[in-house]
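After this come two complexes, each holding chain A, first together with chain B and then together with chain C.
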Partner chain A sequence: MATSVTPSPTLARPELAGASRSTDQVIAHRSAPGRTGRAIYLAANIAILVFLLAPIAIVFVFALNPTPFIQFPPVGVSLRWFEKFFSARDFMHALVFSLEVAVLTTMAATVLGASAALAIARGNIPGSRIIVATMLSPLMLPAILTGLALFQAYVLLDVGRPVWGLVAGHTLVTIPYVVRTTLAVLHNFDTRLEEAAQNLGASPTRTFFEVTLPLVKPGVLAGGIFAFIVSFDQFPVSLFLVSPGNETLPITLFNYLKFDLDGTIGAASVISILLAVLVVIALDRTVGLRSTVKL
Partner chain B sequence: MTSASRAHLTRRRLLAAGASLGLGAVAAPYVARAEEPVLNITGWGGKWGDVMSTEIGPAFEKEFKCKLRTDTALPFLPKLQASSRAAPIYDVLHTNSNEQWAAAEMGLVEPKVDPKLVPNIADVYPYAASDKIVGISIFTSAIGLGMRTDKGYGPITSWKELWDAKYNGVRGGYVIPVNSLGQAFVMMCGTLFGKGQTDLDAAYAALEKLKPIKLVDFTGAMEKLFLSGEVGLGVIHDSGIYRYDGQNQPIDFVTPSEGVLSLEQVLTITPGSKMKELANAYLNYMLRPEVQKRLAETVWYSPANKKVKLEAKYDAKLLTTPEKVSKLIQVDWKWYNAQKDAIDSRINRIFRA
Partner chain C sequence: MGRPVGSHINGLALLILPSALLFALFFFLPIGLMAVMSLLTGNPVVVPHIAFTTKHYQRLADDSYYLEVIWTTIRIGLWTTLIALLIGYPLAHWMARIKSRAGHALLLMAVLAPMLTGIVVRTFAWMTLLSDKGVINQILLSLGLIEKPLQLMYNETGIIIGLVHIYVPFMVLTLTGVIGRIDERLEQAAENLGASPLRAFFEVTLPLSLPGILAGSLLVFALAISAYVTPILLGGFQIMTLPILIYQQISANFNIGFAAALGMVLLVISFMLVVAYNHMLGLVSGQRELQ
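And now, the complex of A and B:
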């Protein structure tokens, strides 16, 4: 196809061409530092990405390297450590158990955290700032002390180390994430929408499920994802609360590490990373994560 | 993914599956709870844990009609400390000698085992029931030197060769405050360069001269440093080298002429245990020759029972005769634990620099 170049109306007018040139020079002069700034900005972002992803890359290399020790550069590619991981009864039991605990924790933390956030934001409760600070306090306390304190409480109550006790411990340290993310959404919540629904005859329950909940869903879901991941990877709280035969994956890995430091640890870490990704995908497929949470 | 298959994974089904999994996890221990007596013990993971959970443990449960609940999740001592003295979390504590002494000092474990209740004690080597042991030692490893055999180092006969400048850069040791091999090595330094185990000034001076040195937390990590060649000569226990027997690895264990340090596997009974009879039976069972043989040949620990007859390749390397056992140097853990805070502080300063 033939193309033709039409002279710019600006350039066609000699009296304006000079002005345009000087304007271009000014823009060019101004954009030089702008370009440098963009380059620095880009380089900084790449550096942050490398910083974040390098440990994951090393884990992948360790998991796929056939040697029983960390070696760089790797000498080959092998799935032997994955085979060892999947054929080890202890690891598989720990993986399934960690998933069960994480699912339970996510459900409990989401329900309790979102309810608490709603009450704090909407309930006109006196001292709500103190309540928020209290609810976030598990994040400030070293988690190992939380684990030890709960362990001692269970001992005093003479209940041993039950699975529900472990779930309660995980829930305690994951609730702050749900509270924080839900409160962030509620901060910009337009209450007139609820009033409108009720003016149109909706009951409080219906208003909650059809107006309030869909609007706070992004915050609740984001908190739920945090809760799942924090629970699945939780180590310090679990350290004191796991019971014989019911060890979570991080605890099993730690015990394994004491005697064997081979690629099985890397394989387990890769599985954990993939599981976290799978959870996000599953949530996307089932509750439309993409439409509610900007990731 | 087709729309039909996608339809299978609905929100309701995902939540229902999650709830079922969770409730199952919570309920399972109560559903499975049996009426039989339960003996709560501690134990190691790895190969030890495998053979205990698949062979040795089930055989004990069958013979004594009980349930063995083994906690393999460290740390054992803080958990025991945090639990009630009258109803301790463990009936039998299995750990290394240094922790056992700390537990005994706090009154968490009984210092001695009654030979009348554990008759197999009559067959153990003297070290296993000596005054350096709280409870009873069922196995020991020898702490000595590990070396790469492919670096042309030549024969090594003494601990003091670890200080040779030619090992700068390939010398290996432990983060002493958290590792019992490292702690035992401190006292070896006192013996080698001073008046004995308790000569800390001599030990500190020797440790200062040991730099540069690669330090690790766990023996498992030290094994890998040997395998990768990052460490050519370092402190390690014999089991950590012998376990690679038959794998064609260029590593070997050296028994220095000054002797090897003892790293005992010790069992004790907690004073508040409601299962004393069963606990004593367990100690006795773990000292049985057939049990000792099976475990020794699995994890390369030297059995405490004199009557154990190991296969030739294990017998050749492990401490299975009075002559070999006489090479063992037992550490005064009671004394060490009393000084531990001061030692840790000083050693942290030495290696931080």
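And now, the complex of A and C:
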């Protein structure tokens, strides 16, 4: 707390600047109870971080531990559960199927979502606020209801449980991420850039391809990365829409977990966590984490 | 931001059509069908003579078992929300006030990494911690603090612990945004005028962050009452919540009409929560950040 107040434009006014100086003095001479309070504050926050991260760490311990049951402290390091995971046909089939669905979903959600965001931000459609709210609504509606509603529709239309039906469900729950990140970028840059290009003689088409599109690329990319991980981890929609023999990894893990709790699940989980970490890093590199987490 | 180029509808507007089609066919039509199915006597594809009925809703209202299930779902949601708020607030406050950029990035990663880890994986993690032979019981036993394993899961406590872990990042991110907008100099002014840091917090920061508290709580509550994986695995198939009941009606009973009625109940509750959530966020950020 000994750091000074970040200067801000309003602080330039002398009386406010004076106020902030005296604040600094007060903080510098903070009494012992203030320091105790600070210590409690930090301790509580570290405990909360441990609560958030420890379960994830435990999964790693479990996956690398050679015993077939949970043992703490661990007795050694082995890769046998990873071997078992990669040699189990149902897990491999589920992993590949999940990746296929996630890739198809990402392509669909990225193309549809980015187009929609462009239309909303640059198409001058009346009622764009309602359109945005609608496009974000699958995030707000419990995904289990999206799954249930689609399942019922497929039953009524007698189409069975096709893979495209699953991809459509996943696309629906991932589109909001693409729309949100693309819109964020579109709102952040000035339309005068596009006007300038047109004033300098570029056609609207050329402006679109040479100015607008390159500028929205990071937003679309971030949305696509989100769509991929959300689809890969998706559970409630898949629960209703997968067909036996064509199950996604989370569904296969769930079915396995109902009866068994050995290291294979740990190995599968580690792979899934590493993927999440990669995604966080990729998001940080493309658009910065800060701009992706506006809820 | 300047006015968009031209002020009437242009060619780019057509780009909305593919998404509009997807939403019409795969979102609004299915939800509409669900509403209709909840009022039909049977499945029109299989049963030739069907009629409108309110029997599914009547069954829900008449049988105390179903009301008990709804109450269990809400009770778990309320506990989850309360604990997520108590745990999420300090962390959100720290994230909003931390000066170092690297520190902020690390905190953000610590919050986002669990959020981006699959829900099945996180539930599994809690099973390894909370089960009879889990990590917590093993540690407590080896330290001699307990003689037989504590029952930490297969009950509502286990479900609530798991749900708090899964949804606390949503609380943290909502609160961080709101606390970050509160001018820090207000707290400092209170302290300058002689208030203790604790009093400054309770009389300045906390009241100002109230809309964020409500928005985060509504969000976590809405997510918690629609959770399926965590209640079923950490509840060990012992505790029935609304989403579990919905899936059971489909998978075991194939009673689509009743499942639809249950779905409509969850839909109405969630819709009211979403409206309240948007209203709360609107209060904090004015109109400009709704998009």
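The rule is short, and it goes like this: the second predicted complex is superposed on the first by the 216 of 295 C-alpha atoms of A that agree within 3 Å, B and C clash if a C-alpha of one lies under 4 Å from a C-alpha of the other, contacts with A are read in each partner's own complex, and residues count from 1 in each chain.
As a working rule, contacts are C-beta pairs under 8 Å (C-beta built on N, C-alpha and C of every residue); 3 or more make two chains touch, one makes a residue touch a chain.
The model shown is predicted, which means the values in this text are computed figures rather than measured ones.
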Which of chain B and chain C A:Val277 touches, first, second, both or neither: second
Which superposed partner A:Pro162 touches (first chain B, second chain C, both, neither): first
Partner chain in contact with A:Thr181 - chain B first, chain C second, else both or neither: neither
Winner by number of chain A residues touched, once chain B and chain C are compared: C
Which superposed partner A:Phe235 touches (first chain B, second chain C, both, neither): second
First (chain B), second (chain C), both or neither touched by A:Arg285: first
Contacts of A:Asn45 with chain B and chain C, given as first, second, both or neither: second
Contacts of A:Thr264 with chain B and chain C, given as first, second, both or neither: neither
Contacts of A:Thr110 with chain B and chain C, given as first, second, both or neither: neither
Which of chain B and chain C A:Pro68 touches, first, second, both or neither: first
Contact residues of chain A, present in both the chain B and the chain C interface: 69-71, 148, 151-152, 155-156, 158, 239-240, 254, 257-258, 261
Residue numbers on chain C that touch chain A, as the complex places them: 1-16, 18-19, 22-23, 26-27, 29-31, 33-34, 37, 43-45, 87, 90-91, 94, 99, 104-105, 107-114, 116-129, 131, 133-135, 138-139, 165, 168-170, 173-174, 177, 184-185, 188-189, 191-192, 196-198, 219, 222-223, 225-226, 228-229, 233, 243, 246-247, 250, 256, 259-260, 263, 266-267, 270, 274, 277-278, 289-291
Touch list for chain A against partner chain B, complex: 67-71, 90, 97, 99-101, 103-104, 106-107, 148, 151-152, 155-156, 158, 162-164, 167, 239-240, 242-247, 251-252, 254-262, 282, 285-287
Residues of chain B touching chain A in the complex: 6, 9-11, 14-15, 18-19, 21-22, 24-26, 28-29, 40, 44-49, 69-75, 78-79, 82-84, 87, 89, 218-221, 223-225, 227-228
Contact set on chain A toward chain C in their complex: 3, 5-6, 19-20, 22-23, 26-27, 33-34, 37, 41, 44-45, 48-49, 51-56, 58-59, 62, 69-72, 111-113, 115-116, 118-126, 129, 131-135, 137-138, 140-146, 148-153, 155-156, 158, 168-169, 171-172, 175, 183, 187, 190-192, 194-195, 198, 204, 208, 229, 232-233, 235-236, 239-240, 250, 253-254, 257-258, 261, 265-266, 268-269, 272-273, 276-277, 279-280, 284, 289-290, 293-295
